[in-house]
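Below: one structure in C-alpha cells.
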Amino acid sequence: MKTAANPFLSPHVLRIARALIGPAALVAVWWVANDSAWVSNKLLPNPFDTFATLGSSLWSGSMTADLGATLFRTLYAFAMAAAAGIPVGIALGSNDRIYRTVEFLVDFFRSTPATAMFPLFLLIFGIGDFAKIAVAAFSAWLVVVFNVAYGVMNSRKTRILAARVMGASRWRVFRDVLFWESLPQTFVGLRMAVSLALVVIIVAEMFIGSTNGMGHRIIDAQQVFDLQQMYASILITGAIGYGFNVLFIALEKWIVHWAGR
Amino acid sequence: MNSVVDFSHVQHEPPAVPAAERAHITVRGLHKAFGGVPVYSDFNLDLPKGRVTCVFGPNGCGKSTLINMIAGLIPHDAGDILFDGKTLQQTTIGYVFQNYREALFPWMRAIDNIRYPLKLKGMSEADCDARVQELIESFDVRFDLNRYPYEFSGGQQQLISIMRALAPHPEVLFLDEPFSALDYEMTLFIREKLQEIFQATGVTMIVVSHDLEEAVYLANHILLLTKRPTRVADNVFFDAARPRDLRTLSSDAFVRTKARCLDIFQNEVRK
Amino acid sequence: QKMEKVTASWLPIMQTMAYYVALEEKLFEKAGIEINSVKFQNPNQIIDSLVSGQADFGPPGAAAGITALAEARYPGTFKVFGLQGGGIKVNMINDGLIVSNASTISSFKDLKGKRIGTLPGIQWKTITRYVIRQNGLDPDKDVTINEIAVPMHIPSLLAGSVDATLSLEPVGSIAVASGEAKRAMTNPVATFIADPFYSGVSVLSTKFMQERPEVAKKVVEVLDQATRMTNENFDKYRPIIAKYTAIQPAQVNLVAQPYLRANSELNATDIQSYQALVNVFEKEGVLKQHIDVKTLMLKPGDFR
Amino acid sequence: MKTAANPFLSPHVLRIARALIGPAALVAVWWVANDSAWVSNKLLPNPFDTFATLGSSLWSGSMTADLGATLFRTLYAFAMAAAAGIPVGIALGSNDRIYRTVEFLVDFFRSTPATAMFPLFLLIFGIGDFAKIAVAAFSAWLVVVFNVAYGVMNSRKTRILAARVMGASRWRVFRDVLFWESLPQTFVGLRMAVSLALVVIIVAEMFIGSTNGMGHRIIDAQQVFDLQQMYASILITGAIGYGFNVLFIALEKWIVHWAGR
Amino acid sequence: MNSVVDFSHVQHEPPAVPAAERAHITVRGLHKAFGGVPVYSDFNLDLPKGRVTCVFGPNGCGKSTLINMIAGLIPHDAGDILFDGKTLQQTTIGYVFQNYREALFPWMRAIDNIRYPLKLKGMSEADCDARVQELIESFDVRFDLNRYPYEFSGGQQQLISIMRALAPHPEVLFLDEPFSALDYEMTLFIREKLQEIFQATGVTMIVVSHDLEEAVYLANHILLLTKRPTRVADNVFFDAARPRDLRTLSSDAFVRTKARCLDIFQNEVRK
C-alpha cells in the first residue's frame, strides 16, 4: 500500500510511459510481421519507411490540405451532432413516453449504414461537401442522442427529486440536474460520436468521392499501390481519432470529477 | 374542520388541541401501494400550520413514503393532499432526504449546493452570499465549504443538506431522520438550531425520527404510525413552552409524554 | 482425375462475361479445374489478392489501369492474357458521357464552367482530366470534377448535382433505359485516347504460373474458348448476366455488348491501345516511370 | 397523479401504440416528400410501392437467402465481439494502468474506418467470408471493450469494497461485482456493437463484394437504379437493427432491474 | 506489549486493564492524508481481541477512514497494521458500511446478499440455507427476504446489511453506525442481538456510534477520538458484567462512565 517516492519514476513520467506502450506494441507487431514471412510484405510496408513517408508528407505540406479538409469536416459534423444531440438526448431521456415513440427511429438509423443512406442525403443536400458532413453529423448525432438519453434514463432519481422539491422548473431540472447526471454517459457518447464522425467522413471521402481529404488520399494511394502513403494516411487518421479522444478524456476527468464516488 | 388530525381510525381520546391550530397540510383518502401491496389505504391526516410534527414509527411503515407523497416527490394512487390555500408549487418547501448522500449535487461545491435553492428563487448574487454567510455563522461551520460533497464525511454531508433545505426560508420543512449521521454534539446543536429557527419563523416542520427523546423534545405533535398497512396509532400532543432546554428533558410532562408514546409504539409494533 | 483447385477474384461487371460463360458451360470442370470464385467490388482488391498469393488469376474485367499501376510497384507479378473494353470502329460501348434528357451538352467542349462526375479514385480522375485537356479545357479551372461512386452517378445527374458524368457501362445503358438520361457521347475515352479502348484486362499471377504452369495454361485456354463463345453467341448468353451482375433479368437485353479480346487474338493495335492508356498515366504524372505493356503481356514462352 | 383506469387504453396497448408512432411518422414524411414536389420522385420511390416490393421480395423468397446470410454474419461477428469484449473490458476497466496502456489502441482503431483496414484483414484472414466477419467483429469488439471498461471504471466503489472485505478473490470480484456494476453500460455497448456489426457487414457486402447478403442486394439495386428494391433492402436492414435493439432493451429491462434506484 | 492502547499521545491516566487482554489489531505509525491535509499522522492503536471497542468522535474526525484502513479497504500512506498472527486475508471480517445502501448488491435478492459471504467461503448450498435460516430466526425477520434490496426501507436495508456481515461467523466485526437508520424497537433489538452474538462467539467487535449510551452499553473499551488531526483522546474501560440489560443502564458505573466520556468528548470538541 505504501508507495516509495522515486525521483526518476514520478507518476507523471510513468503515466506518459504507459501511454506509449500501446503505440510501441503496435509498431513492434507491425515490424515483426513485416520482417518475418508472416504476411506478404508486398502488401504491408515497413513501419519505419511508412513513418518516413508520413514525416515527409507532413513536412512537405502535401498532406496538410487533406488533413485540414478532413479535420474541418469532422469537427463541423461533430459540432452539429453534439449541439443538437445533447439537448435532444436529455429531452428524450427525461420523458419515457417520448423516448419510446422515437426509439424506433434512433435504432433504425443507427443500424443503417451511412453509406447506404447516401443517395438520400444527396437528394437533400446535393453532391457537395455538405452532404458528406451532413451524413456524418447525422450518424454522430444518433450516437449522442442515444447515449445522452440512456444516461438520463439511468440516472439516479434522488437528485432530480431534490431539485424538484426546491421548486426547480422543468427547464432548470434539465439544465442543473439531468445534464450533469448524464454527463459521464454523455462523454461516452461524445467519444463514440467523434470517432464515428471521423470514420464516416473518411468512408464518404473514400467511396462516395471527394476531391480532397484523408479518405481521398487513402483511396488514391490504394489505387496506385503506394502502400506507404496509404498506411501513413491511415495512421494519421487513427492518430487524429486518438487525439480527439484524449481531449475528451481530459475534459471528462476535469468536468466529471465526481465519477465513481 | 378544526381538529388537527382525523381520529376516525384511532381509539384513543383526542388530546386537548388549542383551537388556534389550523391545518397546513390536509391528507384525505390517501391510497398507495407498492407492487400491489398497499402501504396506505384510505389514510387521513392533518398537519397543523406553524407547528412541529414528529413522525415516529417502525422501519418500513411508510414514513418516508408519506412525506415524499406530501412533497409531491412520488405519486399516490388515490386521494387528495391539500396545502392551506396554496398549491404545492406555490409553497416553498425545504426537504432533507433520508438518503442525503444522493441528494446533494456532486458537481457543485458544497457552498453552491446551499446557494442553489436561492438561485432558483431568483435571488441576486449578493443576497445569496449574504444568506449563505448567515447560515454559515448560524451553524458555526468551521470546515471549508468550497469543496465538493463527496469530500466530506457522512455527518458533514448531512449538515450541508440541512443548510440547503433551510436556505430559502421554507414555509414547510420536511426532515427525514436529519440526525442519523450526526455526532453527539452536532445532534444537540442542530436540534437547538431547528428549535431556534422554528421559534423565529414559525415554519411548519415535519420531522421523521427514530429517537423518541429527540422527537418529543422537538414536537408539538408526535404522530405515531403503526406497521403496514399503516394507520395513525395516535397523535400525542406535547405543549411544553419554548425555548425548551435541558430542564424540559427532565420535566414531568416530558417524561410522561415520552413514556406514553413508547407505550403506544411498543403496543403497536408487538401486535 | 484429381481436380486442380484455382482461386479467381472477379468483379461483377459486363467485361467479365467470358468468365460467366466459362462457369455456366462448366468449361473449367471439363479442363479438370475446380474454381474458388471470389467476388469483389473494388479492382484493387483483385490485385491485392493476387499479390498476396491468395488468388491465382483475375478473370476478364480486372481494371487495366490499376494493373499497370500495380506492375510498376510489383514488377513481374502479373501477366495479362486478354483485354476487354469497347470501340467506335467495332461499334461496342465501353463508356459514355451521360447527361440528363433536357441537357444541351453534346461534347466535352460544352463542359466549360460545368460540373462533371467520374468514378472515384485516381485512375478515372486522370483519364477525365486528360480527356478534358484534349478538348482544350483546363481541368483545374474550367471544369469541376466530382469523384462519385458508381451507383451515385444517375442520382447525382437527376438531382442536378452534376451536369454530366463520364460513366462506364452498364451505367449508360441503365440510364438510357430508365428514360431519364441519354448518352451525349458514346465511347469518349476511345475517341480521345485510343480506339478501341480497353478498361479491363485478364491477369494471371506469375506465382501461379511458376507453381502450376500446366493449370495456368489451361485457365488461359478455357477463357480464350469462353471469350470466343461469348463473342459468337452473345445474345444467347445474355440471360446469365443477371445471375452474376447487378443487372436484373428484365434488363439483360438493354445492356451493351462489350468488346472482348481473347489472348490468342491479341494484335499490335490492342497492345498499342493499352500502351496509350498507360502513357496517359505517365503523362499526367501518376506513373512515375515508363511501362512497356509488351513486357506485361502473356507470351507462350512464359510457361516453363 | 391519479391515473384513471380505461379498459380500452391499457398501458400495454398504449405502449405498443407509442412504439408505432415512430415508424408511422417516418412513412408519413416519406409519403409527403414523395407525393409533393419536394424531392424528385425519380430519386425517392413511393413508400407503398416500396413496401409492396419488400412484401413480394420476402414472399417470393428471393430476399430470404440474403437476409439469412447477413443475419448469420452479423450474429457471428457480434457473438465473437461480445464473448471476447466483455471479459477484456472488465479486466481493462478494473485496472487503470493496463487501461492506459491499451487506450491508444482502442481509440486508434475505433477511429479508423473498418473499410480502410480491409486490405489488412484480407491479408490476415484470407479473401473468404470470414474476413468480412472478422472486420465486423473487430469493430464491434472495440465498442464492447470501450463501453464495458468505461462502465467498470465509473462504477461506484462501495460494492467492490464490500465484496473485497468479505474475502472475494479478484476473480470473484470480477464475476460477482464488476460484471454486474458495469452491466448498464455493457448493454449500451452491446446495443451499439450489434448495430455496428450490422453496419460493417452491410458495408463490407456493399464495397468489398459478396455473392449474397443485404449489402450485396443494396449495391446491386443501386447499380441498376432499382430504387424500390434498394429502399426495401435498406428498410429491412434497419428493421433488423431495430429488432436486435428491442431484444437487448427487453433483456436489459429484465436483467438490470435495479437501474436508477 | 500488553497495554491495549498506546497512550504516548494521551495525557490521561491509563485505566486498569485486565492483563489477559491481547491485541488483535495493532496499528503503528499510521499516516493518512486526503489531498495533502493529514487525517492521521503517526497514529498508534491496539484493539483487543475478543472485546467490543466502540469508537466515538466528532463528525469528520476519521472514524470511517480508520476502520476502512484497518479492513484494507482504502490504502494508508505509511505505517503498519498487524493482525494477531494472521494476515488480513486470512481473517474473516464482517463489515457493516455506514453507507449500507450502496454496499448491498442490488442484482441479488436480499437473501442471496446474506448468503453471498457464505458462498465465498465455499459452503455447500444446504449449509448456506441452514445458516441463513438460523439468522432469519435469530433476527426474527418477518418481511420477505426474496425481494431486491432497493425494495426495502432504509432500516430494513441496514438490517440486511448486518445479517450479511454476521453470516460467515466473522472473527472481527466492524460496524459503522449500525443503528443509524433503525427504529427504536429495532435498535434495542439489534443491540441485544450483538451482545448475544458477542457473548456466544467472543468475536472482536469495533463499533462506530454517535449514541454514547449505546456505545457505553455495548463496549468494553470506548475509544474517544479528537478532531482532526486525529488523536486518541482517551480509551475508557467499562467492565460491567454481561449480559447487560436495563439495570446496567441505570447502574452507577454506567452513568459515571458515560459522564466521563461525554466530558472528555466535549472538552475535545470545544477545544
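Each chain carries a letter (A, B, C, D and E) given by its place in the written order, and its residues are counted from 1.
Note that in this section a contact is a pair of C-beta atoms (placed from the backbone, for glycine too) under 8 Å apart; a residue touches a chain by one contact, two chains touch by 3 or more.
Protein names from UniProt, one per chain: A, D = Taurine ABC transporter permease; B, E = ABC transporter domain-containing protein.
Nothing here was measured: the structure is a model prediction, and the numbers come from that model.
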Which chain has its C-alpha centre farthest away from the C-alpha centre of subunit E?
-> C
Which two chains have the most contacts between them?
-> A-D
Once you find the CA centre of subunit A and the CA centre of subunit B, what distance in Å lies between them?
-> 49
How big is the gap, in whole Å, between where the Cα atoms of subunit B centre and where those of subunit C centre?
-> 84
Mean-CA-position distance for subunit D and subunit A (Å) = 17
In subunit C, the residues touching two or more other chains are 44, 48, 52, 151-152, 155, 159
Give the residues of subunit A that touch two or more other chains, as numbers and ranges in rising order.
-> 39-40, 43, 119, 123, 156, 206-207, 222, 261
What residues in subunit E touch two or more of the other chains?
-> 99
Subunit B residues touching subunit E - in the complex, by the definition given at the top = 34-35, 56-60, 64, 98-99, 101, 143, 151-156, 159, 177, 180-187, 210-212, 262, 265-266, 269
Inside the complex, what are the residues of subunit A that reach subunit C?
-> 39-40, 42-43, 118-119, 122-123, 126-128, 206-211, 216, 219-220, 222-226
Footprint of subunit E on subunit D - complex, ascending = 156, 158-159, 161-162, 164-168, 172, 176-177, 180, 183, 256-258, 261
Which of the residues in subunit C come into contact with subunit A in the complex?
-> 44, 47-48, 51-53, 66, 69-70, 72-74, 77, 117, 120-123, 145-149, 151-152, 155-156, 159-162, 286
Note: in the complex, subunit B contacts subunit A through residues 68, 71-73, 89, 92-93, 95, 97, 99, 102-107, 116-117, 120-121, 148-150, 164, 168
